[in-house]
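Both complexes below contain chain A, partnered by chain B and then by chain C.
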Partner chain A sequence: MSRKLLLANDHIPGIQSYEVYRSNGGYRSVEKALKTMSPDDVVEEVKKSGLRGRGGAGFPTGMKWSFLAKPEGVPRYLVCNADESEPGTFKDRYLMEHIPHILVEGMITSSFALGANTSYIYIRGEYFYVARIVEKAIAEAYANGWLGKNILGTGFNHDMYVQVGGGAYICGEETALLESLEGKRGNPRIKPPFPAIAGLYGCPTVVNNVETIAAVVPIVNDGGDEYAKIGIGRSTGTKLISASGNINKPGVYEIELGVPVEEFIFSDQYCGGIANGKRMKACVPGGSSVPILPDYLVCKTAAGEDRLMTYESLSDGGFATGSMLGSGGFIVYDENQCIVRNTWNFSRFYHHESCGQCSPCREGTGWMERVLHRLEKGMGNMSDIDLLVEVAKKIEGNTICPLGDAAAWPVAAAVRHFRHEFEHHVLHPDKVKDPKHGHREPIMPVKPQPVTA
Partner chain B sequence: MAAPTQGTREFNPEVRGKIRFSDEALQTIEALMKRYPEGKHKSALLPVLHVAQAEADGWLSAEVMDYVAELMKISSIEVFEVASFYSMYNLKPVGKCVLEVCRTSSCWTRGAEDIVDYIGKKLNIREGETTPDGMFTLKTVECLGSCGSAPMLQCGAEYHENLTENRVDALLDRLRTEGKRKSYTDLDFQNTK
Partner chain C sequence: MSLLKVTIDNKTIEVEPGTTILQAARMIGPDVAPPAMCYYTKLKTSGGYCRTCLVKVSKGSEKDPRPMPKLVASCRTTVMDGMEVENFTSPEVVDARNGVVEFLLLNHPLDCPICDQAGECHLQDLSYENGKSKTRNEFERRTFEKIDIGDKIQLHMTRCILCYRCVKVADQFTPERVHGVINRGEVSEISTYIQHAVDNDFSGNMIDVCPVGALTDKTFRFKSRVWFLKPVDAHRNCDKCSGKTVLWKYGQEIYRITGRKDQWGEVEEFICNTCRFDKKAPSDWTEEGPRKLSRHSVISQGQYGAKTKFVASPVTLPNKQLS
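Then we have the complex of A and B:
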């Protein structure tokens, strides 16, 4: 049984409420940090833990915190990124809905470490009901003396607010989030300066994902070294994985980093195998932005080693034969799913969500969507397939924020691994005329597995 | 990003001056603006627009946006550029219950299109349309963070997951019986998992 740190108390009835949360050891990290540690001690523990940002990029959190500028007399801010809009990702919602106090607790402890007297939790607008739950938890924390002035008599003041967004994936990008929090359109800023120097209202700011902040709680409680014992290499601790698609048991699972992918997909403890007795065709292991993997590269790397749920193992082989852990949005596709159709679906998403600032992304995402749509409908030709790769290349690396890359990678990877399926669409337009092909019956059998050394 | 030319900016002087939000809404807006440091109250714009939309029959007309600008002491264009960027603000009239069905990959692989078709047939409307009685609008939207309980739809603050035709029937019946406008800001909501 995998160890659980964030969802350990998930099964306790009423854990949403302050009383139950507190009586199960809640808010200990705040007591410990404020009464027995200096802010730098807390940062040190987080560094030792090896915790890496859970929002997608996997940047070491302790290092990010130590970059925070501390000019005299300028306020600092902690902003929690609860925008969670990456298709396939729903772990932050689960955590906030079921154990809202762990986020509030983590925010207080982290704010203490950063010397921030104000923090904001930016929740995507669609999660309005979740925002209500978090707001209630904040009110309970105020009522019990964990927020406000002179917390625990230590002289530390802190105010925390929830901000709801307006519906825009791009606001998950940290500088777009800050723009949005200032009441503007979510256009990402040019970096540098990084938020650690000039963030919210031009003040030094740390932006962290919900799960990252929640992980600070067990790190402070048990010590960074203890946390670092879980996992493999530079992938320490536990990770929430949002599992969806054609599996028997979709849901949010807390895993110790290092679980084999095969076990994660097929064991009853996690996804419980492919639904309806079908075969797996492909898997997107880290949210829509990461490259898709064909079945034979999901459980094994190209070198024939077991693939593990870690940052390193999932990216083994680079983009040629690997992918990324990303935000942990784990989507599995069975043999009936049409890759062309699915790639079109993703590219429609990115076209819809591009903020429009940079031409390569604004125009390129629409172009890819149109080409994919034509291929999907059986109206494309062979040159369209290379055109897709071409357009993807022109977007990648040429935009202010990584949304461009996120739009380009899945398309490039789909063509790389499933070119035969794109060709099938060109060669057999009659077979893809049915608007729901690849939905109920196989568009093409799963490609036979190449023998790996 | 919402299509920038979704709504109209035509100004109707007849309406201007007649708009007034309820006292409760005005108090909420006051309180929202106090959450930010001195001089940074523009930060409240997104949450305030949600309150405004709930007050104004579910959509933001040019007049409502001007009124919000007055309330917040910012310019009208600042309100419009935000309202037109985010997908949750309607710049055209909508039905009392906007059914927003997720159309992204995980929901698609589990039959989201069938749900859209089913609702469309049942209500005799197409995507983007509103029933003649003004009760329902059918929309498709991008991933709502319920991929593990697909297919799903959102209506106001409510999440309805693991949809089947029967569940859709039950939901539409309930919404029709209640007959109330559903807003994101509603405090009472019944999610179905």
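Then we have the complex of A and C:
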């Protein structure tokens, strides 16, 4: 049985309310940090824990915190990135909806570590009802003396605000989020300077994902060393995975990093296998931005080792035969799903969400979307497939923010692993004209193929 | 402060701290300077959007010799001591730049034959140097309605490449923010707040900073091709600006007035709308002499007395043909 840290009390009725949360050991980390630790001690614990950013990039949180500039007389800010909009990812919503106080608690403890007297929670526009839940939790925390002036008599002042975004995916990029928070158009900034030097209102700022901030609570409670015991290698602790697609039990699961992918998909404790007794065809292990994996590379790496749910194991083999853990949006496809259609769907999303600031992403995402649409509708030709690869290559790495990469990777990976299916769309346009193609019978039999990088 | 040594395409120069790679490259000369569509020296925070100035940093600095993992925008990356940069010598950079030019031209109408900017268009130069001869885009290009920004400027959004230069002009020269970008992604659009006219003495500089024909001078639209005109440096006593301009003349008639542009296509000094739009009589100006143009500029090809073969037949202006 996997150990749970964030969702340990999820089953308790009424855990959303302050009283129940507090009586189950809530806000212990604030007490411990404020009364017995110095801010640097907390940063040190987080460093020891090996916690890595849960928003997708996996950057070590302790290191990020220690980069924060600390000039005299300038306020510092902590911003929580709750603009979770990646297709396939819904873990932050679950956490905020079910245990909002763990986020508030983590925010107070983290702000203390960073010396921030003001913090913001930036929630995406579509999560309006979640913002209400978090606002209620913050009001309860104020009422019970966990926020405001002179918290617990330690002289630490802290104010927390919720800001609801307008529903743009790009505002999940940290600098675009800060622009949006300042009331401007949500365009990513050009880095450097990084937010740790000049972030919100030009002041040093740390932007962390909801889950990262929540994970600070068990780290401070039990100590960083204890947290680091969970997991394998540089992937420590637990991770929330939002599993969706053609599986028997979709939902949010908290796993210890290092669980084999095979176990995660097929064991009854987690996803419970592929729905309707079908075969697995492909898997996107970390949200729509990461490369798709064909069935024969999901549970085993190219070298034949078991693939584990860790940052390292999932990216084993680079982009040729690997993928990324990303934000933990685990999407499984069965044999009836059309990869071209899925790629087009992702591409349409990135086309819609591109901010339009830099040229490769603005023009390239639309181009890829139109070419994929043509292929999907059976009106494409063979040269379109190579065109897609080339356009993706021209976008990748040449943009201001990672949205360009995120748009290019899934397309490039889909063509790399499922070229035969793209070709099938070109060769048999009559078969794919029906929008439900593949639903009754597999488009093509799933056949393992060796991949040459 | 000690000077920093930077090598661009095997040419070394010492520059002051805080200089960007692009500025350093321009100091060395046009042989190594990357093209720039959105960066403008005199506009703060410009640059970084168009990605044509991407370069490869093959050595970060003397202290940290690791190369940078990705291509960087040279207009927004400051130099470090001992940095080594590859621009035209790196096939990777040239390839990426070709890609960017293809993206810029993807939805551009390529209506150069009827565009007033033709002949002094940066996108024209850029696509001549880096573009493909044939587009691979088989889809309909996006189009927009023409918008009048005030009575003197016309915005033709279809040609725009979203370099944000005009937005920076409006931001940095006007007190109220009425000019900006609306919508996002491919359909983002330069716009004035609910079609407000940009009513400011310096709004005409948007025309000068626009690298393409998206913002054009309505007093000059369809009057003449720029290469038929003779640029003459001139000045007048102006209480709003320096009054140093270039008159674009045909015979004694002044067709249009612009700021003085340097070899990178950037104006030396911004000029006011009175000088630009209202003073079209030769008696308003003190002429200083013909403006020096690059020998390669298409504008220098149509000059009287230029060292090109003189065409004996008289040149007829398009508007005179019409009348």
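One rule holds for everything that comes next: the second predicted complex is superposed on the first by the 444 of 453 C-alpha atoms of A that agree within 3 Å, B and C clash if a C-alpha of one lies under 4 Å from a C-alpha of the other, contacts with A are read in each partner's own complex, and residues count from 1 in each chain.
Keep in mind that, in the parts below, contacts are C-beta pairs under 8 Å (C-beta built on N, C-alpha and C of every residue); 3 or more make two chains touch, one makes a residue touch a chain.
Bear in mind that the values here come from a model prediction, so they are computed numbers and not experimental data.
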item	value
Of chain B and chain C, the chain that contacts the larger number of chain A residues	B
Contacts of A:G366 with chain B and chain C, given as first, second, both or neither	second
Touching partner for A:S327 - first (chain B), second (chain C), both, neither	neither
Which superposed partner A:E182 touches (first chain B, second chain C, both, neither)	first
Contacts of A:S347 with chain B and chain C, given as first, second, both or neither	neither
Chain B versus chain C as contact partner of A:S29, first or second or both or neither	neither
Which of chain B and chain C A:G356 touches, first, second, both or neither	both
Contacts of A:N208 with chain B and chain C, given as first, second, both or neither	neither
Partner chain in contact with A:N246 - chain B first, chain C second, else both or neither	first
A:T399 touches, of chain B and chain C: first, second, both or neither?	second
Interface residues of chain A shared between complexes with chain B and chain C	168, 170, 185, 352-356
Sites on chain C touched by chain A in the complex	47-51, 54, 70-71, 73, 76, 96, 99-100, 102-104, 106-107, 136-137, 139, 161-162, 164, 180-181, 183-188
Residues of chain A defined as touching chain B within the complex	75, 84-90, 92-93, 118, 124-129, 132, 161, 163-170, 180-186, 201, 242-246, 250-252, 284, 288, 329, 331, 333-334, 337, 342, 345-346, 349, 352-356, 436, 439
Touching residues on chain A, where the partner in the complex is chain C	168, 170, 185, 190, 351-360, 362-367, 370, 387, 393-395, 397-400
For the chain B and chain A complex, residues of the former touching the latter	1, 35, 37, 40, 42-47, 49-50, 78, 81-82, 85-89, 103-106, 108-110, 113, 141-150, 154, 157-159, 184-185, 187, 189, 191
